[in-house]
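Next up: some structures, all given as structure tokens.
The following pair of complexes shares a single chain, subunit A, combined with subunit B in the former and subunit C in the latter.
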Partner chain A sequence: MAGTTEDTSALDRARDVIVKYGFIAVTIVLFLYFAATEPAFATSSSLFSMLKFVSVTAILGLGVMFTMVVGGLDLSIGSVAGLAVQMAAMTMVFYNMTGATAVGVVLLAGVLVGLINAFLIVVCKIPDLLATLGMMFVIQGAKLIPVSGQSVTSGMVLRDGSEAPGRFTQGFLQIDRGFVGPIPLPVLIMLVLVIASWFFLSRTTWGRVMYAIGANPEAARLTGVRVGYYRGLAYVISGVLASVGGLILVSRIGQGDVNAGASSLLEAVAVALVGRSVLGQGKPNAWGTLLGAVLIAIVLTGLTMKGFQYYHQDTAKGAVLILALIFSYTLSRKKIRYTSAT
Partner chain B sequence: MQDDATTDPAGALRLEGITKDFGPNRVLKGVTMDLRAGRVTALLGANGAGKSTLIKILSGIYERQDGRILVSGQAVDISTPMTAAQHGIQTVHQRIDDSIIPDLTVAENLVFEEMVRGSGPRVRTLKSLLPRAREIAQTLDLEWSDNFLLKDAFEIGIADGQLLLLARALNHRPKVLILDEPTSTLSATETDRLFTLVRRLRDEGVAIMYVTHRLSEVRTLADDLVVLRDGRLQQEQSAPFDMPAAVEAMLGKTIQVEVSELTEHRGERVALELRGIQLLPRSAPIDLDLRYGEVTGVIGLIGAGKTELAQAVFGAERLRAGSMRLDGAEFAPRSTRDAVRRGIYLAPEDRAAQAMLLGWTVATTGSLPFLAKISRGSVVNRRAERRMAADIINDYGVVATGPDQEMDALSGGNQQKVVVARWLRQSPRIMLLDEPFRGVDLGARRDLAHKAREQAEAGACVVVLVSDVEELREVADRVVVLAEGQTYLDAYASEIDNSTIIASMSEVA
Partner chain C sequence: MRNSKVLLAGLLGASVFAMSACSQGGTADDDPSGDAGTTADAGEGSADEGETTSASAEAPAPFDEAVNIAIVQNSGQGDYFQQYLNGTRQQVEALGGELAVFDAQGDNATQASQLDQAIAASPDGIIVRHGFPDTLCPGVNKAIEQGIPVIIYDVEIQECAPEAIQTQQSDVEMASLVLDQMVEDIGSDQNVGYVNVAGIAPLDRRDAVWQDYKAENNWTELFKTGTYTNSSATDTAPMVSNALKANPDVAAIYAPYDELTKGTLSALEQNPDLEGKVKVYGADISTADIELMKAEGSPWVATGATDPNAIGAAVVRTLALHMAGELQETKVEFPPILITADFLRENDVNNMEDLRAAEPALNIADVSSADWIPSVTF
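Then we have the complex of A and B:
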């Protein structure tokens, strides 16, 4: 119950402020610290490269966020991104098709994986985590089969001894390298997707219903909501976003690396969880997810400039995640669940 | 009473002034009662009367705040399930899944307590457990084969699972045995078998507390009956029982509101025909017509099948058997959406679990079922949404700071107004209100009843499902009594008095 004395209520209020703005404050303080100590840090080119660097993680984080909104979690997100990398490369290199075709194929694959996840979760009633864990393995394994475990590169030798006919098109490579005005294309794609996700979730009936399912699926069902349909939809959206992330990734590395995307699962889950914590909202949201991705970018870029090696990065990411979880679970006073009224 | 000479006059178990608080709520307000050796005492009480709290205190799960527990006249301290067992008190809880250990065999479950206590060798084979397990099973005359004893305890079914727990309890040679709704999931023959056992134990001198909602079982099995309401003992009877009096004591309040206050409406046109509907696993099919232009009050105790009826009409649960016709046409809702689209609305029984959304405001909770009405092309018009909430607040006198206040911050009555109003205001065809007055203050109850009647006057078919006669009187034109899945009375409110209703609520088997 609420505090009975002035002291505790003042403490509670202070705590609310910390929960609400603490994370943003941490981000700003870190930013200022790095900017003050590393002159190269705060230049606009450095800022954009930082955002560009984080765009894939942020977009994958949006995908995870959608599944978190309906009370689930998509563990297959990293492997779908990896699948996108390979399918884009195969479409252009093996079959000598255009970059636009590759984009279409990859997005379709994302929809398909999303539908399979939805089928397993909604129709087969497998818990979200387990169904997507299974899909993660299936995708990671299945994509190795047609390429015999090899990464797809321009000019590689195929199984029949001939050379692969196609290569990455210039247009396709522009997905990562292009600019609109001063803004790198991946950063623009990320911002558009963040704004679209925010609008979808907080302004449309679809998003409202998804939040309702996450808050209390039984209460949602008893207002006439098709719970299964919307849960499935979240996984399809997640699959598509993973594919978009994968497209940027493959355009960046310029080959169908079989290992691409594997590490992005944990980062995507981390930024979505961080996103749920910021602004004291206590629910997954698009701007928070972006902020989580940006914070991780600031930390990693800052540490790199300070001379820390790559092998410090995972520890830093993990620390950021734990800090965010402390904000939402330990410090927040929001009630976790209802007690019966009788 | 007649065996005062043979048994301890204080009885096998005596409770004196037992109290228990949960936070600011006093759930037990000084319960004093006796359980006598060689008698079955039925414990009756509506939801929230404090039955399960009392049982948990006796079985050592909760600790009492105040009061004394005497076993054979000696004051004892029961603070853990172990101490309860030491004093000869054994409980078979309602949910057997909580007490049976999965992945262990029947034999291991039978001897489990001895294994935990560490009597006998630490290491032993499953086979070496069998003789002891067989011995325990035989306390109930259960001739279980080795094959059966080696089965996974979760595979043997509810009835055998219950016998397993009962055998385990009896192995302690208890003086007091508490059975918490043991028959709720049993078939008729399994119930008979259990009753035979209970009678045998009684004849052996065990004091039995039998908790149930089924009056038919009280009549066939119990020697004494106590009624708990609102954390207090309301009534004690010995067989033969005056069942209507017991029901009245369960529900409380001598009812002053008689029919006169309502202007009774009688609907002509049938909205929904229910044919051959089976509400409960063992109940026979029933027929019922629900009509437009009247409030049908369906009254029954817990477990009578009210919620099953409401959920089936709303498409939230499948019918066990039977069919429905809506306005003369076949109606078989496959989802709640089917029902809502046809104007069939339900305000569910358990507000917290079935209607509230964590962190949601009056505005968002109020608009959820009818988002399409306040949105253009799937984009929510938040101004319209807040206007909708403001209308709910004004029309229903909701005490709230405004549309953006979180639902959690409202009182129970005001929460209920919002979750009922969001349906009632959208001109329902059939409005189902399942226990709409639960956890609601008198003022809010009056307002809600009034609004429900307004809708019926405007032509809707309103169905209110309650367990309290006074609540029924306040809202219903027509009264349907439901007991153990059967309809026992169907009459207009002006044609019957309260004692008839109560008599027929208790008129089973």
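Then we have the complex of A and C:
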């Protein structure tokens, strides 16, 4: 942060304030506006359902954020969430295993996809965007091979003519439907992951090294950092976070769903990008990603309550993203770069 | 380095917009012709403007003042769903209410969240249209617990929410009407073909009726084929065509979903030697379907159908009765009618509007009606 306050002109100072707090102010103003005009907006059940709505996007956004920190981007994140939906449904419905097993299988699948991504990017030296784009298609298709493209439901007829033996366990369904006190479980999971991500990136050596790699991989390499190892680690973390998001999704849907996760990628990328501009940091960060997700939830919920259609909402989402990019790139006097955390 | 980051972000921004533009298409495969059906104002553009009969009695509470109704729909894309929403909207307005539309665009997790949001806004009544029972049951049960009247359309919701009110078009009746016609046309002891897919609730209900008729009339099913995809008609056609090449000796084919019926028709076109030998019995109706049935020498002789506009309105009337505490049933079915190609030709029906004029029964105005409900007809 130092270095940005040396300039003393009032205009520049004002600009700094806008860059630093502008996005938070936009969020608060929008919140107050919707709360004042739509009585149902600010009730606690409405707020919790809003946070619950956005929990998956926020968690996937964290995954994207990790890969952005090391200067990459994970385009396979939505399809990994979809893979998680499929794996969880198959584990419980086809193989009649417990919910805990399903969670384990799904998380392992996330690690595995992360490792494959890491292999393609670090060992095969394929650019991040292209490698993860390829993986996106592979996963989207491959997850449907064992089920012939059908959504997995309890009691469905299998290929050999018998009925699927298992069903979703009640415990597993609590991942999305459970509460801790008044707080929905997915909201709690989201908050825990945000705090853990923040701590990891800002308070541990690993996190700082990741930021350093994002800022300048060559310099990082010259100082003796194992760049490939950390970049790979970011993709594994991303895969695991995508799996957690997928677990919430499938527990929300309550059965397999071939389309689940497909729409998540763009929103996840958008919130991670919005997150970069928060507090004038200009670098991907966990709290910003959360705020980006919350802002999008506020906009979408408010617009829905005001009777706007989804295409208006898509427009609004895009406008939010553009606004964030303006804060990051246009208004900020600080050069956009990845520096180690403050 | 900085430049490449800027470039990357710009590229991303661009692709986010480009791709979200693509995703507007949703998952529906129907021809999205009536483009104004889902706009906030009813009756705009190409949507069918209904006529409202005025109520003859004082409305009970809560209809003595404006009511807020929410519809939580799985998908709004396609001609059928736009007509449905149009009917819903006009009936809500006739009742002096306001309609909030939650459209999950085919995303089931979103639909669950939107049902939550709809409940959180505590409306006077909620309509839930299509989706998975396992996804919707927690929300539906929560709404019932909170005393919000809910009507569910075309979801087997009572499996997991036994107190919920389930509505659907009567698929049993739809299949029976068409198959009665088929019995009349071809008689018993015939070879027949069957185009259907398993695992989709309304098609499964039609399948049960088919099995009964097949056994009763001693029909021999020479083939069963068909697939349900984003382009069912196109993907089903080659399957039926191959089945026909292997089993050309069928008198009739039953394909109880109009995309499957269309696939069957194009399969027959690819087998010109069968022309005039095979009759096709289908389901559903739309302006495009009417054209196909009326075409010179069309093998599609009969279909069973409802009018999505009328269904959308009837669901609202059912909800209104429920809100006023006057609904007795927990399951309401909307009756379809039989439409034959001969009827279309005789009455010179060229589109849905003509059809409604020729067959007022499509309006099902007497279903879930009451003297205090002004009902909308199309």
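The rule we apply is simple: the second predicted complex is superposed on the first by the 326 of 342 C-alpha atoms of A that agree within 3 Å, B and C clash if a C-alpha of one lies under 4 Å from a C-alpha of the other, contacts with A are read in each partner's own complex, and residues count from 1 in each chain.
FYI, contacts are C-beta pairs under 8 Å (C-beta built on N, C-alpha and C of every residue); 3 or more make two chains touch, one makes a residue touch a chain.
Everything quoted here is computed from the prediction, not taken from an experiment.
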Counting residues of subunit A in contact, which comes out ahead: subunit B or subunit C?
C
Taking the superposition as given, does A:D12 touch the first partner, subunit B, the second, subunit C, both, or neither?
neither
Where does A:D257 make contact in the superposed view: on subunit B (first), on subunit C (second), on both, or on neither?
second
Touching A:N216 in the superposition: subunit B (first), subunit C (second), both, neither?
both
Looking at the overlay, does A:Y311 come into contact with subunit B only (first), subunit C only (second), both, or neither?
second
For A:T204, decide between first (touching subunit B), second (touching subunit C), both and neither.
first
Of the partners subunit B and subunit C, which touch A:L266 in the superposed model: first, second, both, neither?
second
First (subunit B), second (subunit C), both or neither touched by A:G282
first
Which subunit A residues are contacted by subunit C in one complex and by subunit B in the other?
215-216, 335-337
Residue positions on subunit B within touch of subunit A in the complex are 23, 47-48, 314, 316, 335-337, 339-341, 346, 348, 350-360, 364, 368-369, 371-372, 375, 378-380, 408, 412, 415, 438-439
Which residues of subunit A touch subunit B in their complex?
1, 203-206, 208-209, 212, 215-216, 218-226, 282-283, 334-342
Which residues of subunit A touch subunit C in their complex?
38, 40, 43, 45-46, 48-50, 52-53, 56, 71, 73, 149-150, 153-154, 156-157, 168, 176-177, 215-216, 249, 252-255, 257, 259-260, 262-263, 266, 269-270, 273, 301, 304-305, 307-311, 314, 317-318, 321-322, 325, 328-329, 335-337
How about subunit C: which of its residues touch subunit A in the complex?
1-2, 5-6, 8-9, 12-13, 16-17, 19-20, 23-24, 27, 38-40, 76, 98, 100-103, 105-110, 112-114, 116-117, 119-122, 132, 134-135, 137-138, 198-199, 229
